[in-house]
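Both complexes below contain chain A, partnered by chain B and then by chain C.
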Partner chain A sequence: MTIVAQAILNGIMTGMLIAIPALGLTAIFAVLRYVNFAIGAYATVGAFAAWYVNTRFGLGVFPSALVAFVAGGAVGLIAEQTALARLRPSGALAVAIASIAVNLILENVIRFIFGNDLQGFDLPIARDWRFAGLRFGPQQLQTAAIAIAIMAAVFLFLRFARFGKAMRAVADNPDLGRLFGMDPARIAMITVVLGAGLAGVGGVLLGLDTAIDPMTGSRLLLSIFAAAVLGGLGSIPGAVLGAVMIGIGEELAVLVLPATYRSAVGFATILLILSLRPAGILGERNT
Partner chain B sequence: MLSYLIFTLTLGGIYALLALSLNLIWGGVGMVNLGLAGFFAVGAYASALVAIAGVPLPLAMLLACLIGAAAGILATFATIRLRGDYLAIVTLGFAEVVRMVALNERWLTRGSDGISGIPAPFRAELGVDGFNLFYLALVSVIVLAVFLTMRRLDLSPFGRVLKAIREDQELATFAGKSVTRFKMQTFALSAGIAGLAGALYGHFQTYISPDHFQPLITIYIFLAVTAGGVGRPVGALVGAYLVVFFLEATRFLGEIFTVLEPGQVAAIREILVGLALLCVLHLRPQGILPERIAPAPKPETSP
Partner chain C sequence: MSSFTFSRRGFMGGVAGLAATGLVPHAVMAQDGPIKIGALTPLTGSGGPYGPVMVKAIKAVAAEVNKAGGVLGRQIEIISEDDQTNPEAGVRAARKLVDVDRVSAILGTWASSVTTAVAPICWESGTMLATVSGADAITALPHQGYIIRTQPTTILQGRKFGEFAVEQGVKKLFFFSPQTPFADSQFTNITKAVKAAGGETKSLIYDDKKPSYRSEVDEMLAYGPDVIVLGGYAADTAVLLKDIFRAGYEGKKIAFAYSVNQKLIDSVPPEVVEGIFTIAPSPAESSSAYKRLVSLIDVQNPDPYTTQVYDQANLVIMAIAKAGAADGKSIRDAIRSVSQAEGGTVVDNAVDGLKLIAEGKSVNYQGASGPCDFTAAGDISDSQFRYEQVKGGKLKLLKIA
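And then the complex of A and B:
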């Protein structure tokens, strides 16, 4: 019983971390209507940027995560402007394929600079806390708290800030948005910065308790997609809900399956949800 | 040098089969298969395992083809009605799961050690050089046969229905075509060809392991098909050989830039592949050999 409870607890913790890049993916999809496979590389870029300032300059978790957001957002914006935006008239599939190329390029730029080795963060090692028979890692709690703070910030931004509202309006109906004096192209770029930045933060939060390497982001891709698809591609609260469910599902699955099958849970979920309810749990649109 | 050329051409033929497979589904009905490497692996493992168990090679390859097709149906039957990018995610996940199974189910696949001693046809009788030449001929004949079938298919009523589906799915439905059935058949056929390519690869290398079926192969084939021209079998063929020569040429980068470490050279090669794909998509999306009847322009997408 405790094992199951522990697994569910760990699943919620990991799920909240997966939620961050899943939010990025789903936000980009909501506004730009394409699936961005480069989200994995944006996460890796963020993780490496944070690792660099953490190990070189001794920055703590919070400022490092901020650096990751900026690095991910900047790289995402550059990639969008140079490689992706101009392909949009050729359809969502062309952009998606180009984003795979972007993913490959970024991943290998990192590999070229930092090598293939695993890199660990420079963080104080703390003993786990115990409560009611369950283990809590202080690091885990800190990253989960950061994740919750980021999610809250994203919700507030979309709900109340002018840009956030404009983003939702353009996602719903670009023509109507244009009619009300919004500039869809500019809003698309802001969405990309936000989405890629979130992916960057997600990369560092997920990399903190393990080590990172150039493939870190790509390995997470399936879980991120699964979270976004489960919640409903394009739905912001859906991405969070989906991510937590995927996190719990993965942790429970490794109780009975070899741990290496972890990301197969994501695939099974995608297959199941797409055949039963393609719009996802919280998605409104029919595809 | 000659044996190196023979090796490259054989590999080119195997990539050409994969490119024809992708072209059928992408150029045909406009769906992308990001799990090509997975179907390639399924075919390679299936044929290798049954051949080691004693099944004659032609039968083993046929079986690989069928199992590839079955895997194609299994992976997509639930999702084939959905938008193309959903299918892309599903197929990407499929390839990952195949790799996971190949790594973990040691009783079947011997995990990361891989399977060695895969029977190679007439290798004992012909010697190494003779075998390589024979195998090149075998692969080339099969490529030619598949290519001619694809071209025939392209011009047949079946092929016309596929293009109609690609251009306007609803219109095709109105015309009384069962879109789902056509898509499913095409995907199965496409996955079957990828399975056959895998079988040919396994019996050529005589050794396979999960490392041989990296997702990177799928990207190579995408580069081949886009460079050659989506929707035209001859384009896929030309593109595949070009990509293999491009890959082999970049192998010598390390000898020119000796200051770089091997890992860095590998990284540069992959960056070049990515850049090449982006360049084609931006500068010549119709490829070297564009489709004779150009696809209808896409409606303006917003924003």
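And then the complex of A and C:
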């Protein structure tokens, strides 16, 4: 029983990490209607930016995460404006495929600048705490707290901020949004900055606990995508729910399957959801 | 400028000329150009820290030989491709080297999964493949002699890991590894050595693309081992080591030197890696070939793979000279006559070897990685191992045996 509880706890923690970039992916999808696979690279960009300021200038976790948000968002905006936006008239598939190319290019740019080696954040490491037979780490708790704070901020922004409301309106009905004087192009740009920035923060949160290399984001892409699809592409609460479920699913799978097949959970989820309920758990429309 | 017209005769002549070039056998065409040799190394991915230096060593050997006049009167051209430490990318790169560049040999494949995937392309096209991969299964493939490897097999490596664990007084050993072609054989041979000394073992094969291994570590803790063997590559091992530390495991840890290398040690907090033992096939550091290599590429402590590809490049070039032909089959047939000719003059580089071969003498190459003698299956017949331990953030040599 403790083993199952521990796996669920581990899964929730992993899910929190996946949730942030999944939020970014789903936000971009909600407004721009395409799946941005470059989110993996944006996460890596964020992680490396934060790692740089953390190890070079000794910045702590919070300022580093802020730098990651800015770096991820800036790179995301540049990629969007130079490459992806031009392809929008050719349809969502063309943009999605181009985003795979952006992902590859960015990954290799990072490799070119920072090299191929594994990098670790300059943070103290602590032994785990034990409570009622369960094990969890101080760093995990901090990471989870940051993740929850970010999610809350995103929800509040979308619900109450003028811009957040405009984003939701444009996502719902771009034409109607335009009638009310909202500029879809500007909304799109801000959404990309927000989405890519969130991916960047996700990259750091992940790297804090582990280590980063140029493939960090790409490795996570499947889990992120599975989380967004499971929750319902375009649904913000869905992305969080999906991420936590994917996290728990992957950890529980280890108890019954050989650990090698853990990634298969992501694939199997995408397959099942797309064939049984393409809109996802919280998806509102059939897309 | 003349207008663009062409006569019927001119056109037919052109077509005939084109057809003729297509009909000339490749072997004949290849005679004029340089001799092409492929370097297929991991420039990116888990093997990324090794590939670039390996290519440097291969190119340095070629440059040295070219400067001395080349081989068979032709220059050597090294064509380098990146296998990305990924079998699928490795196959694409190998196809390009074999089909487009028409290399006669491919040197340097590093990950066992890549070598296993690339090997059939080589033996089917008659291309020599020299690898630094350790998985036993590689030389058991039906390669018709087209594979040689300079890395000791995992049977031997597994046994060394097991024996070292026994020296450390192991009772219960836990083996962590991602899915690799050698994980199984390594675990079997570790188990053999540990069981013989009265201990027991358990293994867990994990997915190396995970951000966290907490559940896997829980499974290890439940077993309660006093020695852990880590069979992964650097990226996954770094993550795993942190999780092992967090879980409060206090026992001994043994890892491959290619995963717990200085780069990994520098990238994690010192207490995470303190005390880890590493094991690696040892280069022949006292050999003259090793000293030549150090000055040739200006790298102070070349890793085992760099010393191995240096030897591979020297051997292949001398085999071409010995055979008097630069195709893969000739290299295959001649390579043992330069690596282990009985009574041959001992040489430590191709430039000296080529001179002797030109004089009609036989040579016996003694390399930077070791004596470089191969069994009929293509395995290296002898190797030393290097045992180190992480102390205060640095690797300290324990012994070479």
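By definition in this document, the second predicted complex is superposed on the first by the 285 of 287 C-alpha atoms of A that agree within 3 Å, B and C clash if a C-alpha of one lies under 4 Å from a C-alpha of the other, contacts with A are read in each partner's own complex, and residues count from 1 in each chain.
Here, a residue touches a chain if its C-beta (ideal position, glycine included) is under 8 Å from a C-beta of that chain, and two chains touch if they have at least 3 such contacts.
The shown structure was predicted, so the numbers you read here are calculated from the model rather than taken from an experiment.
When both complexes are superposed on chain A, chain B and chain C occupy overlapping space and clash. Contact with chain B, but none with chain C, is seen for A:Val31 once the two complexes are overlaid on the shared chain. In the superposition on chain A, contact of A:Val229 is made with chain B only, not with chain C. By the touch criterion stated above, A:Val102 is placed in contact with chain B alone, chain C being left untouched. After overlaying the two complexes on the shared chain, residue contacts for A:Ile190 are found with neither chain B nor chain C.
Touch criterion met: A:Leu87 reaches chain B, while chain C stays clear of it. Using the contact criterion defined above for the overlaid structures, shared-chain residue A:Asn116 touches chain B and also reaches chain C. Counting residues of chain A touched by each partner, chain B versus chain C, the larger count belongs to B. In the superposition on chain A, A:Ala65 makes contact with neither chain B nor chain C. In the superposition on chain A, A:Ala279 contacts neither chain B nor chain C. Contacts of A:Asn10 after superposition on the shared chain: chain C is touched, whereas chain B is not.
In the superposition on chain A, the residues of chain A contacting both chain B and chain C are 111, 115-116, 258, 260-261, 263.
Chain C meets chain A in the complex at residues 43-45, 48-49, 178-179, 204-207, 209-212, 214-216, 218-219, 222, 234-235, 238-239, 242, 245-248, 263-264, 267-269, 271-272. On chain B, the positions that touch chain A within their shared complex are 30, 32, 34, 75, 78-79, 82-86, 88-90, 92-94, 96-97, 100, 103-104, 216, 219, 222, 226, 261, 263-264, 266-268, 270-271, 273-275, 277-278, 281-282, 285, 298, 300-303. If you check the complex, the residues on chain A that touch chain C are 3, 6-7, 10, 13-14, 17, 111, 115-120, 123-128, 135, 137, 206, 209-211, 213-215, 219-220, 250-251, 254-255, 258-263. The touching residues of chain A, when paired with chain B in their complex, are 31-35, 37, 83, 86-94, 96-98, 100-105, 107-109, 111-112, 115-116, 170, 174-175, 177-178, 184-185, 187-188, 221-222, 225-226, 229, 258, 260-261, 263-264, 266-267, 270-271, 274-275, 278, 287.
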